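Two complexes come next, and they have one chain in common, chain A, joined by chain B in the first and chain C in the second.
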Partner chain A sequence: MKPFKVAIPKSVEQASRFQKSDDSPFIAGGTDLLARIKEYVVQPETIVDLKRIEGMTGITSTDDGIRIGALTTMNEVATDGSVTDDYPALSETIMNAATPQIRNMATIGGNICQKPRCWYLRHEGYSCAKNGGSGCWAREGENEFHAIFDNQVCAVTSPSNVAPVLVAYSALIEIQGGEEKREIPAEDFFITPDQDPGREVLLEPGEVVISIHLPAKNRTKKWSYTEAREKQSFDWAQASVTMLYDRGGRKGDHRVVLGAVSPAPLRRDDLEKILKSGSLDDAMIKKLQMKIGDGSHPLSQNGYKVPMLRGLIAQGVRNISGRKEG
Partner chain B sequence: MAEEITIKVGFGDHFRDLTVRLQDGDIAPWQPDQQLDVVGKRLPRLDAVAKVTGTAKFAQDQNPAGMIHGRILRSPHPNADIRSVDLSAAKAMPGVRAVLTVPEVFEDSSARFAGAEIAAIAADTEQQADAAMRAIQVEYDIKDFCVTIDTSMEDGAPQVGRGDQKNVQRVSPRSRGRRRGGNANPGADQQVLDRMAAREKEVSALLAASDVVVEGTFRTQVQTHAPFETHGAVCSWEDGQLVCWASTQATFGFRGELTSNWGQVKASECRVLSEYVGGGFGSKFSAGREGVIGALLAKEAGVPVKMMLDRSGEQTSAGNRPDALQKMRMGVNKDGVIQALQIRSWGTPGSGTGGAGAHNDGIYKLGEVDKVEYGVRTNCGGARAHRAPGWPQGSFALEQMMDMAAHSLDGIDPIEFRKKNDDHPIRVAEYDIAKERIGWNKARVRGGASNICTGVGIASNLWFSAGGGGASALVRISKDGSVEIRNGAQDIGTGTRTVMGMVAAEELGIPLDMVSTRIGDTNDPQGPMSGGSTTIGTLTPAARLAAHYAKKELLAVVADRKGWDPTDLDIRKARVIRNDGSDTGLSFHDACQLMDDDAIEVLKARPRRNYAGFSDTNAGVQAAEVEVDMETGVVRVKKVVAVADAGKLINPMTAESQVRGGVIQGVSYALTERRIMDRHKGRMLNDDLENYKILGSLDCPEIDVVLVDVYNGKSNTQVMGLGEPPIVATAAAVANAVADAIGTRVFEIPITPKKVLEAIASKKAPDPGGKKKGARL
Partner chain C sequence: MDKKPEEPPEGVSRRHFLKGAGAAAAAVSVAQLPSEVQGSNGTEDEPTILGPGPVPIQLRINGVDGQTEAAPSTTLLDLLRDHQGLTGAKRVCDRGSCGACTVLLDGRTVDSCSMLAIDAVGSEITTVEGIGTPENLSDLQQAFIEKDALQCGFCTPGMVVSCTALLKENPSPDREQIRRGISGNICRCGTYQNIIEAVEHVSRKGGK
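The block that comes next holds the complex of A and B.
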């Protein structure tokens, strides 16, 4: 790795300033950024360490839900009582991610801001649409783990296990740049390459994710998080399906969000509508399976993700119909 | 004066007498009814605590005073000639103390894979070395490349090698009259071609006459060795003597390569140390370019240099198990007897010359075999021996053919079918153990009948690991009662050190904790490389002899001092006893105190030959049980029963550990590992341990190891190694179990969710393994 300096701001305002001055990346747990620096994928002169900023760790209950500080580790989030009680899919997805060692270092803010794992992007010497060049190596290259949806410009998959679940729970991402604060719905926070191939999240220079706000839990919801991957330890999802099912049934407000199959979590309101159409039986599963591949454009090596999604949604429906309300 | 003795050989309830003419100075092997105090006991390896507490020092952990850091610049191009290497900018960088170029040192200006060594540099800090390495300017002539077996075999494919090297070359049957590096003698080659044609005709006729013919095309992937500790050494010149702390499977081989191939230092002035090795799996026999580079950089810099590979260098340049494409046709008669097998196979040595062969006809009685094998060069890192080279890939194909044949003969159970075609004296008894312990006949939801299906599969293995000549051991008994045994060979994690100590302790009649074991130092007596699973077969007979004669000397001292009959004395449990078992009143320690000299030292070499024993090979059977999620394609191996034998078991605990390791690596080969090459730039995309997927802890099955203790009479310890045999059958057993579970076959490893889903989807399409006749391979 190339030597770099570390700037240690005491406040978000200061952090914003440090970053803006020469485009220095933020570092939280470092499990993603340091790996990229070691491989010379990024060669920053300075990195801005967020960990000394106060008020960005821990989980607090508010009138309208919970607020998770961006520096809270993945492990702390997954094991927190209010999360396991009220947002169990979040706990479940984190426990599926990475390894205990990584979950102890990695922060939830870093998790949703991490860079995609495309192996071209993570090797020096492959310039592409995502890193300032043009074109995509994966589309006509080695794309077994790449996206099947929204993959025309850049076929990365959103690497975060947490992201699709935040979309499903209608989380708000709280952001601060300088003294300005704003809140963005998770669904809008994660963006696709046609919006901007260089970014995966809607952060402007100098903006820090300070917390994640999960709105008050809807007591009527049943949930399921299913994912498939090659290894159980130390591996990435090839596809995932997050489902929240409203007891309201036909009138309910359901959520179906696909993960690891597109550059951003993919909310599927067409499938949510189907969930309103009847009871959670085999016929329902068939209908969802028929539809789930709609809009996909598999590449040469990743067509398997469509049947995999069909399998995961079937398992999701069975989880929901078999599971007691949480 | 060769002495003739009669010993018992065999196992379980299969024993017989064997008359053996002992070689000069050799002693009789331990007998089944003999009471042993150390050998055969489950003892934790001697270095367990040092390893888990981090006090064990591997090559990577050596930091001699003044040490600096080496780096190797590698080619980003898969096929190029190096036009020039300009070191001037790099030399001027801070901290740089030594540089070299590969074209100058190795007289090789071609880079035939992305990752090939171009130049090297040593600097005070790792960061300085990195920065300087990146300042080296290289001009290349870039050529077209092939990085997969398929593209390299295409007509008009770019040439991988140089000169008249063809991409595809027949490796067996071998062309005769081939001059080294040159073309075949056309006349002699024609004879081979004629014989091949005759063979093909004969076997084709047998296939046509068989009741059933099954055929299949099988693919196996490239598997890198991926040892935790990468290749390399810390090299230091001290008063003209070269000392290398190396990560190696062959301390003496490493030294030999530095001294013979490169000639700047004599064997007597080069010391290789390797007390702990973080894995090798067959890739660490050679000093490699990194070893030579380390020594040269250290010489130039005048200070020690650490030259260990980084992970990318390890993954791309330090060897791999080659991939294979195997096509087979097998003819079987209704009675279940195999008539003939036709094999055409292709394997990739990469850009190197390593063996690419698949051992796909070595197990079972296969009738007449017509096998033709080709090596296919690719612009990828060269293949090296990888735990049972050629066998897991061959077994993957052959064992599935066995199952397909059994299924096509209505009603023959795959295990019964194997037994019918197997005459290995040990394995025939091992099938039933595996069958029972895996619950072969248990009711299961299989054949794709539900969302979650389970299945079982079986496969066999074979190995040849009794070792041979080439080892000596030194036993020193000191007057203070301390005992040490020394041999210069390495322990690559297999337990060699522990087993050597146990053999010496048994023979000396003292407990293991009274013996200090010294290994991994070429200043000590000659020892074997850790290859072919022969290390302990080679080493332990020497250890036993040295201990035996040292004890004799000690007892002679005792007899002399006490006026006793030396032939009436022995040592047992650290007491000097008489032949009738009575105690002399002297402890081992007391006996040592009687010495005039400070120590007794005995250096003994092992007899060069092994005896014709009970079985020249070790066998083994593995059965796997898998669970497949039919909806997502995810395969989980639930259990593997591994029945293994390795001659006489010195330490069942370390033996079991070898088997576990083999099974884990085998499951990993079956399900997750593969090298991924980029078609655009010809680079390895998963030159790391993230996307190069090695089985994780949660993915490991329950492993039920059953060891069969065999008195094979082949040497005075009767030991055979067990490093390689346990990986041979695993992937094949898993593949057969997956086929049983999902009701169709996956003809290619790794069996990923993608391939399972694809196989399920094409289930309605004709099974390429179905009953078919006719078509040529």
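The block that comes next holds the complex of A and C.
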């Protein structure tokens, strides 16, 4: 690595101001950023360490749900009693991700802000639509793990296991830039390349994710998280399906969100409507399977993701129908 | 590791330093500033800036406090191997993708290649050298030998660290739990089965 300076801010305001003035990247767990520095994909003069800012870790229960500090490690989130009891899909998706070591280091804020895994993007020698150039190498090149939806401009997949689950729970991402705070629904936080090819999340320069709020009103015992990956660890998902059924006990309030098949988590309200239309039986599975590939444009090597999704959603329906009420 | 008591570098009084560091005092009481960056550390409104040159870094490794000088961009792994002569943790992928560099940070396994040494300040670091020595092997290290749980041995330090952490958390893991426990460590020689047996052996005997 090219030696860099480390700025240790005392508050979010300081971190924010410093980053904005000089475009230095934030570092949280470092598991993504350091790898990109080692590959010379980014070569910062200074990095801004968020880890020593007080009040950024831990999970607190509030009247309306739980609030997870952005610097809480993935392992702490996945093993917290309030998460395993009330937001089990979040715990499940984290335990499927990466390795025990990475889950002990990586933070949930870093997880949702991590850069995509496109191998062209992570190679210093390539320039493309995503990093200031034009065109996409993957569309005509090696694209086995790339997106099948929304892949016209740039075919990266959203690498975060956590992201689609946050969308399914309608989590709020709490952000601070300078002294200003704002909350963005997870569904809007993750953006697609046609919105802005240069970023994956709706953060402006200087903005820090400070916490994630999971609303109590969207809890449900009828949930499923299914995913497929080539290796059980050390790998990223090839496709995932998060399903929440009767959120908050409200009949028909369902969420179906696909992960790892498009540049941002893909909420499928057409599939949610089908779920609403009948009982969780084989006929329902058939209907969902028929529909799930709609809108996809597989590239030369990733057409397998469509049948993979069909398998995952079938398992998802079975998981939900197998779960006991309350 | 050198056991000198903490001493501020010349020209930076400890008091001045801590004042400037404010809320970040936890970090910097250990990673003290070199005098050339002193100026940027003077106010409450600006972040403390370390580097890019070497800074004194205080770490607690295998129960011993010590201080060393390294650039703040140094990974914990490079600090252990290149500055502390602790070569048990191995540098294989350097990207969090193999587990050969696994050490314990406050009892939890981490890939030391994928974090900065300055971020280990204030934590208890345990390397494979702290788990046992050739003269005084831990039960698990002994079991690795008895169960032939290594071939080339390159993954072994990381495996021993992960399995030690696993047994501490769960003294009688089943096979699935052992598999999960070592799912962040790759063995290129494929000795997984014997590693699982070594862990089971220790677990049966109530060792660690």
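Everything that follows uses one rule, which is that the second predicted complex is superposed on the first by the 314 of 326 C-alpha atoms of A that agree within 3 Å, B and C clash if a C-alpha of one lies under 4 Å from a C-alpha of the other, contacts with A are read in each partner's own complex, and residues count from 1 in each chain.
Here is the rule we use: contacts are C-beta pairs under 8 Å (C-beta built on N, C-alpha and C of every residue); 3 or more make two chains touch, one makes a residue touch a chain.
Since the structure is predicted, the reported quantities are computational estimates derived from the model, not experimental observations.
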item	value
Contacts of A:Gln232 with chain B and chain C, given as first, second, both or neither	both
Partner chain in contact with A:Ala15 - chain B first, chain C second, else both or neither	second
Partner chain(s) touched by A:Met105 [first = chain B, second = chain C, both, neither]	second
First (chain B), second (chain C), both or neither touched by A:Asn75	second
Touching partner for A:Phe4 - first (chain B), second (chain C), both, neither	second
Partner chain(s) touched by A:Arg52 [first = chain B, second = chain C, both, neither]	second
Touching partner for A:Gly29 - first (chain B), second (chain C), both, neither	second
Chain A positions touched by chain B in one structure and by chain C in the second	1-3, 99, 232-234
Chain C residues touching chain A - in the complex, by the definition given at the top	21-24, 26-28, 44-53, 71-73, 75, 94-99, 102, 105, 108-111, 114-116, 118-119, 162, 180-181, 183-184, 186
Residues of chain A touching chain C in the complex	1-11, 14-15, 18, 27, 29-31, 34-35, 38, 46, 48-49, 51-54, 75, 98-102, 104-105, 232-234
Residue ranges of chain B in contact with chain A within the complex	76, 127, 130-131, 451, 629-634, 636, 671-672, 676-681, 683, 685-686, 690-691, 693, 695-699, 752-754, 757-758, 760-761
Sites on chain A touched by chain B in the complex	1-3, 99, 117, 119-120, 123, 125-126, 137, 140-142, 144, 228-235, 238, 301-302, 304, 307-308, 310-312, 314-315
